[in-house]
Amino acid sequence: MSGSTFKSQAPRRMGPVAAKVSGLLESKYLGWIALAAALLAPLLTASPYSLNVMTTAAIFVMLAAGLNIVVGYCGLLDLGYIAFMAVGAYTSGIVSRAFDLPLFFTIPAVLVMTILAGLIIGAPTLRLRSDYLAIVTLGFGEITRITANNLAVTGGPSGIYGIPKLLTFGDFSVHSPAVFYYVTILIVAFFVLASARLGKSRLGRAWRFVREDEDAAEAMGIHTYKVKLMAYIFGAVWGGFAGVLFASHLTAISPKTFIFLQSALVLMAVVLGGMGNMRGVVVGALVISLLPELLRDLSEYRYLAFGLLLVVAMVFRPKGLWPARPHEDERTGAEPQTAVDAAVSRGESR
Amino acid sequence: MSVVLGVNDLQIAFGGVKAVDGLTFDVHEKEIIAVIGPNGAGKTSAFNCITGFYKPTGGSVVMEGTDITGHRPADIAAVGVARTFQNLRLFNDLTVLDNVRAGMHLNRGQSWADAIFHTPRFKRSEAAYTAEAHYWLDFVNFEGPRGVPIANLSYGQQKQVEISRALARKSKLLLLDEPAAGLNYTEKQNLLELCRRIRDLGTSIVLIEHDMGLVMELSERIVVMNFGREIAEGTPAEVKANPAVIEAYLGKDEEVEIDDNA
Amino acid sequence: MTQIIWDGLFVGSFYALIALGYSMVYGIIKLLNFAHGDIYMLGAFIGFVMLTSMGGLPGALGIGALLVVLLVSMALTGGAGVLIERFAYRPLRKAPRLAVLITAVGVSFTLQYGVSAIMGSNPRSYPVRLEGDVFDVLGARISLPQVLLMAIAAILMISLNTYIQKTSTGRAMRSISLDMKGSLLMGINVNSVITRTFFIGSALAGAAGVMSGAYYGKIDFMMGFLIGLKAFTAAVIGGIGNIQGAMLGGLVLGLLEAFGASVFGGEWRDVFSFVVLILFLTLRPTGILGERVTERV
């Protein structure tokens, strides 16, 4: 083997600070560090404004985590992802108001509706070529928004107001912004962790196989269509739950919230962060949602900047700014031979 | 010996061109069969029909008594047919181990809920996947790094990984499309020995190959194709002596003479 | 009834003009140029800026001046299309399809919010408004501007068709769409043909932008989003990659939409056309005139 083969794996030369940062970013405790930072943030700033911004950012992270399953893991471009958030938000809003329930108890309905939405959008379209799929998802996104705008049950253009709180125990309700922030952070953390873990499982590998080479995946016995549908359904559920949090956070929803711009912003978070790399996606989502708050004066140019950044990123770093760098340990030697024999013989008996 | 794969009067046409026109052969248990023929004879098309990537326009493919004609590739793989591709079809951005794990997708052993909650079942199953991936990489004597993306490997190593991926499927039948192409002499000798060890596992092998030395030494029977048709079938010795085969490969006598003069 | 047909054909001719750009680009480099609808918006704004800077025009000069503005806008949007191809799409010609699609979304975003940053995000009213006599044909109210705009659209489309069928560039376009590598080996300058394709497609969309600005009187930076989607639908209905198909698809979609809106109500018009799009893509992805595209193993 020639020495140059490992070039891309060789440690790049960097300064001590950069090395520390890099080490921190690749650290396996990064998730815990991030969670701790999120939980401690209100100690630094707990004004209603900053809590609102941080809660919104956390919900946005959850959306990005869901879209990352579809686009990052499975390689399916979804340009109407916000529709799933709309389905979740409207379902919980309508059900909770109709039965006068706290939002928490609408979760089964939300689950059913988002899975249904994932199936309805996915089933007829997943056999399409990738570019057709992109445009069809865009069409579905618009259909969802216009339908919400036209129907009476969704409140028409003015939407739904006065959505109940997430949870109420007698006198105690999750309505103080700080409490809701903490609840949101914990839920989002769970979903981010769950999608990261899914990515490293049998199903997650199947998604990547499909993304890399559908024919080769089929030849290994992977039903590419089913696997893609699973990605869609998981993405839909993530988006739907983000919608519940969103409805609870704002207590009001309207079709104007679920425009294409929002789908595009979530997509940017995923793409710029690094498709398939959950850490990168979380960072991307935080940047996309927090940067405009920090640069209020430039707000007119922010979408222009995002658009240009997207083009530049694709031309120069088509895998995103912080792409997944597949790497795992070489043989640890820890596997006992008996386990190998068991695994192999079990397979052979089929 | 029982028949593993039965191909009967297989046909496929693209537009008016009959790429495969009435191919018939059986593969028995623990048998190594070579399909040879000039370029464009329809060998790879036949493979694609057997594995479901093309829908045959006629004939049948039966795997261990199950008719799999025109089924989708994933179902055919599940019945016990594994394959490699003529030009490597690996998952380039994924690690060597992940590539081999692709062959074990049907092993199951964990659900998505196990994955989300990292249950003991999940950990056991992942450990088994990893151990087995190492096992099959060892089986093909793979000596390269295993935790890095496949794109970092040499061509010969990538071919080894593709075979281990197919082996991890643990199928009764393995279809190899030009496994020796691009390999050097030592690598070919290793391939020869590897194919025999695979056969000893109880797996039958059908291979498309242009390297006649390898084909003659390795295969028990040879199917010769030309222009989509099967022009001969038999042991290496029979095929070598068959006038139709000689004609297909070298042209008619006159042409050979002209070649000699030139 | 005749009113519905007429309205459908009128809107459909706009769709057709834009659909042509989608179809030509798709036919040649298999790229779904997501930003194409925004080129239409760009054309409308270029026309707007030119007409505004000219100041008020006497009514008699209106049509003539509008034609000049139309041609200049076409040249400028064509140029914009060429630049976009050169700097955003060409570097990615061998990249995975996902990367290219995302780039196209980025270009679309850049155009939309670039125009919004310069021109403001509120709708603008066009300085020229085409108005004319309305007459009655078989029960349909038809106005002179409508006839004029449809005539311009028809002229543009017929000349494009002649160009593609009769000239060597047209022949080169057709051959590249069949086999890019082969065309390259046959000595066709593929890059220059692709540049021309983008120029023509973008110029047609720009023309449609100016025309719709002058007819409807209101423009805004998001106006290309919906119509871009509709035009793509038209291209799919006709058979994407097929020039005549795009024209036919535009008219068919205009008609379908007009009927759909009269049956289900105007607020469902867009939903109706997206459903048509999804049905066509799933049931007959090759469209009315398209040929079968097989993806090879």
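Lettered A, B and C in written order, each chain numbered from 1.
In the analysis below, a contact is a pair of C-beta atoms (placed from the backbone, for glycine too) under 8 Å apart; a residue touches a chain by one contact, two chains touch by 3 or more.
What you see is a predicted model, and the numbers here were worked out from it, not measured in a lab.
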| item | value |
| --- | --- |
| Most centrally placed chain - per-chain CA mean versus overall CA mean | A |
| Chain separated most widely from chain C, comparing mean CA positions | B |
| Intercentroid distance (Cα basis), chain B paired with chain A, Å | 39 |
| Rounded Å distance between chain A and chain C, as computed from the means of their C-alpha atoms | 34 |
| Chain centre separation (chain B, chain C; CA means) in Å | 49 |
| Two or more partner chains touched - positions in chain B | 53 |
| For chain C, residues that touch 2 or more chains besides their own | 297 |
| Junction residues of chain A, two or more chains touched | 215 |
| Contact footprint of chain A on chain B as seen in their complex | 51-53, 72-74, 77-78, 82-83, 85, 89-95, 97-98, 101-110, 112, 114-116, 118, 122, 125-132, 134-135, 144-149, 152-154, 157, 165, 169-170, 201-202 |
| Contact set on chain A toward chain B in their complex | 1-2, 5-6, 8-9, 194, 197-198, 200-206, 208-209, 212-213, 215-224, 230, 234, 324, 326-331, 335, 339-340, 342-344, 346-348, 350 |
| In the complex, chain C residues that touch chain A | 30-32, 34, 87-88, 91-92, 95-103, 105-114, 116-117, 225-226, 229, 232, 236, 267-268, 270-271, 274-275, 277-278, 281-282, 285, 295, 297 |
| Residues of chain A that touch chain C when the two form their complex | 71, 75, 77, 79, 124-125, 127-132, 134-136, 138-140, 142-143, 146-147, 149-150, 215, 260, 264, 267, 271, 300-301, 303-304, 306-311, 313-315, 318 |
